[in-house]
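Two complexes follow with chain A in common, the first pairing it with chain B and the second with chain C.
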Partner chain A sequence: MSGAKIPINLIRGSDNERCGGIAMVFNIDHIRELRNLGFAGILAGTLPSAAQQNAFLSVPLRLMAEEALWLVENGRAFFIAGSEVVIAAIQTLSLQEMKLAERKLDNFFAEQRAFKQVRHQEKLQQLGLSSEMSRTSESLLESSLFVETPNSSDLIARRVKANQFDCPEIQRALCGQLRRNCKNPGDYYVYKALKCDGYYLSPGARFGGRFIAYPGDPLRYHSHMTVQPALNYQNDPLDLLQVVSGGRLGTGVKKLWVVAGVRAQVEAATEEAVSFFSIEWAGFG
Partner chain B sequence: MNNSSILDLVKTNLAQQQLWDSVEILKLDVPGECWVVSGMPPHKLSNDDKELEREWILPVDLQQYRSGNLTLEIADGVFTTLGCRRIVLGIANDDGTVVYYFMYKGLHKPKKN
Partner chain C sequence: MSVGVIEVVEDSAVRSALVDSDAEGDELSQDWSHIAKLSKSQVVVPKRGEKDYGPDGTDAQELLLYKARKAMFDSLSDAARGTVIKNLTHAFYVPELHSAFVPKPKGSFMHTIGKVDRKGVCWLTFHELVYLAERGTITPYFKHSERQDHDLDPSLSIEDLYMLFKSPQEADEFAVYAHLKRLGFIVMNSQPRQEMTHREVPKAIPSLFQSFRSLARRQFDIFRTPTYHPLQFHLMRYTSSGQIYDALSKLIPHYVAPKTIQDLQGEKLLTLKEGDSSRSFTFDVWKPQGSFKKKAPGWPDFQVLVVNKNTKDYKFPTYSEMKLLFKNLNTKVDSLVPESLSGKTPPEKGKAQRQSKPVAPHVEQQRRLKKGYRSFILALMDDGLISFVRLTESDFGSEKVWFDPKRSPIIKSNSRNKRKTSSDRSAGK
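Presenting the complex of A and B:
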């Protein structure tokens, strides 16, 4: 498994025009691999009919745009875009294949029904009751049939080859699209610099920042810092009102309030191009 | 960054309200009228500090209707000129109060309580 590139789906939301896509990973093995690489992401999967609390959410894993870009630029992953591909694949399905799938499902139910009927008879015998199947027990049996929801569609998987996206031109275009749609392009340099220092990063809205930085896996460590949206090193003034509100909040939750400046002239920014400053309340005044 | 107008406010606040010793004003050798205040705090400012040491305060003006002019480049310049590991931002409000914030260069660990 490891070594192979991880496919990241770029899902477009309803506000298509302004959105470069939301990066999602659907395979549990890939999610494990990402975790080992230092990407926690946010699990986002739930069932519409039985919505879960966020502690119990499941696949897919949602990644920040910066995380997805980092993975693709470092050759660990590649983007798959467009529901069009899946829709096109669905349209090529033949009636025969659909029928086959339906028959498979029917067989699955029939097996379950047979199994349950046998169990039911055994139970009635044990209790010494008449073994005639009543109408109510039949409808109960129907409602107790197990419906399996597969993680991925066999029929479509056979048609869509994920690797067809893994070519440099497509990947470059998709990266560009994602980056253009980031509100604050400097954030990606900040992300890269922190990633390089070994931090795990999560979205920081909970503590009023762009990122929260953990010194290790978020399940093992508390975060140390809330990182603010990147500033232009030469031109952007530090917003002192933000310093005060962020610094006070940070002191309350034991986090440093970190601002990062990205030097403007360095377009292909390396780590040196980002300067960090850590701010906290001095404890008086 | 010209911060000369609030120097006296911050100096007085440190000396009279926060009870710091030997508070003095210095002009920094950086572009613009940039001044700092230095002094000795009455006690250690953080549990992580090894000993009581002279602190450097950079007075900055928090205005309601204009953005400030402290960029990270200027902050970097102050760090380089003073050669210290931290500076204290003395944020002067226009109601005359001053609040103080530590600023460290680079990534730093939160202080122990």
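Presenting the complex of A and C:
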């Protein structure tokens, strides 16, 4: 499993090349795999067992464009894009496949039925009652069968298998579109450099930056830095007032305020091309 | 193919149960773990624990991290999405309309979600469809246009639904929609409304007298408009510090925020020609309330504009855009006017009117300055994390911070002042 590439869905509507799309992952196993690779992402969907809160959400996992680009460029993942994938998959759906899906659902029901009957009998035995199924309890059982709305799609999976999404040309084109639609293209180099140093990164607008960097899994460790949107090392000015306010802000949220300058924004840029400066407000006491 | 796998698993389970009765318990419980989760009903959200400064390479930390991750993924995979057959509600997505219909609508979501047509079919917008499907309240299907019956329409997964979003912007808007819905707010797509429709007008008519009065006040305002001529100070005679402050404040031009319904109506009339802005609000939001009616929702409590911070074409609203947004705002009026200013309390305020105790005027003023008047909410999407920013129109110019008007009635002294100056002028001539 760990060898296979992870599919990342780009949410962007039908053949919409002008907008890059939102990178999302729908399979829990894939999300776990990403976590082990150092990608926390942001869970964005309603948790069905606790649908009235925002503290802990469920599938889908939303990735930053930079994260998705890194994964695809390093051969860990590939993109699936466009709503036409779903529509085409549904239109080519054969009667046989529909029947299969139906059978699958029936099997699922049968399993549930068996499970519930066993439970029921166990309970009856515990109470010392006769273990006969009455009509009413059977109808109750039928109405309590669970219909699940799955997270990830069989339709898309089948389509992906048939269509070979994972070919270099398509992936390169999608990467290009995603990158062109980023607000600040230099951020990707900053991301790469920090990722290379083993940081977990997450979006940082909450703390007044582009990223926040964690030394390990955000589940267990506090973040250390708020990283500002990438500057062009040679050309972009850095306002003193910005330094002061940023430094104060960083200290206020107990993080290092980090400015990153990208030296050369070319395709071949490596992590050496990014310089980092950290600023701390020293006016304590 | 996956069907085959399931069958095989089932067969082996049955066979092993037949062959080896000792292992029965273990085998069965293992086999049915994915079904057992369906009958769990308790809420499982992992607790937030203590965090460490950074990894120190110890096994203890590793174990803690492992436990935290396990708790997280357990609650993710334990939360089955869906419903039991008894409560099953089908929704059919119609791709041509980009919305879905529920032929046999039932459930409490109908209170605030969906639009029922004449045939009793409930129509959901795409946001509503995805939100309800994500909660497991409804089961989504794809409607084939050529078929009449629903038997062969394939069911959709969450992944399919997300892929059917028309644009990234729509998906971002959905994230904000779902966030607010989960908190219990009533959210609807913002529609361009008629300017101050019937609900507001009848209230304005009885106060015709009031509007005359305000017109009269306007007349005075003409006298009071600052004349930036140095001579003015030679002609004026100041007898109190209040007058000086007052005159000084007139020298500084400032924007007066509309505070009453009349003000708002006046402004609406003025801006009717300016056309609509490039930005318009995404959602109308109401606070949770039992008496909500879909057909006559009344004015929303908030209006929300959704913006993604990380796209190429992102710009924070400029001042002129904000001004236009404020003008196009259609939120509840009574919430923005403090009683002391509006003079008359809007009748719908009802229960809220029984205010506790009077507050000191300067405290009230502080509150006014802090709270401001009209406001809207900017939902900034940052790759999945939403920041809600409230933008409020404040009015510092109209507040007399240095000089307390309550302690010595400034309006009176002003009018006297005016008369005096005019007589002075005539005398001078």
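Just a few scattered comments:
As a working rule, the second predicted complex is superposed on the first by the 201 of 285 C-alpha atoms of A that agree within 3 Å, B and C clash if a C-alpha of one lies under 4 Å from a C-alpha of the other, contacts with A are read in each partner's own complex, and residues count from 1 in each chain.
Just so it is clear, contacts are C-beta pairs under 8 Å (C-beta built on N, C-alpha and C of every residue); 3 or more make two chains touch, one makes a residue touch a chain.
What you are looking at is a predicted structure, and each value in this text was computed from that prediction instead of being measured.
In the superposed pair of complexes, A:L178 makes contact with neither chain B nor chain C.
Looking at the shared chain after the overlay, A:A77 reaches neither chain B nor chain C.
In the superposition on chain A, contact is made by A:H224 with both chain B and chain C. Of the two partner chains placed by the overlay, only chain B lies in contact with A:W281; chain C stays clear of it.
In the superposition on chain A, contact of A:L34 is made with neither chain B nor chain C.
In the superposed model, A:L256 lies in contact with chain B only, and not with chain C. By the touch criterion stated above, A:R206 is placed in contact with chain C alone, chain B being left untouched. Chain A has more of its residues touched by C than by the other of chain B and chain C.
Note: residues 224 of chain A belong to the chain B contact set and to the chain C contact set alike, using the contact criterion stated above.
Interface residues of chain B facing chain A in the complex, by the touch rule stated above, are 13, 17-18, 45-46, 60, 62, 67-73, 75-76, 88-91, 97-111, 113. Against chain C, in their complex, chain A makes its touches with residues 9, 11-14, 16, 19-22, 24, 26, 28, 31-32, 35, 41-56, 58-60, 62-65, 80, 82-83, 85-87, 90, 93, 95, 98, 100-101, 103-104, 107-108, 111-112, 115-116, 118, 142-156, 180-183, 202-206, 215-217, 219-222, 224. Of all the residues in chain A, the ones that touch chain B in their complex are 197, 224-225, 231, 233-241, 243-244, 247, 250, 254-256, 258-259, 261, 275-285. Within the complex formed with chain A, the residues of chain C that make contact are 2-3, 6-7, 10, 28, 32, 35-36, 38-40, 42-46, 48, 51-55, 61, 64-65, 68-69, 72-73, 75-86, 88, 95, 131, 133-136, 139-140, 142, 144, 152, 154-160, 162-172, 175, 178-179, 182-184, 309-312, 314, 380, 382-385, 387.
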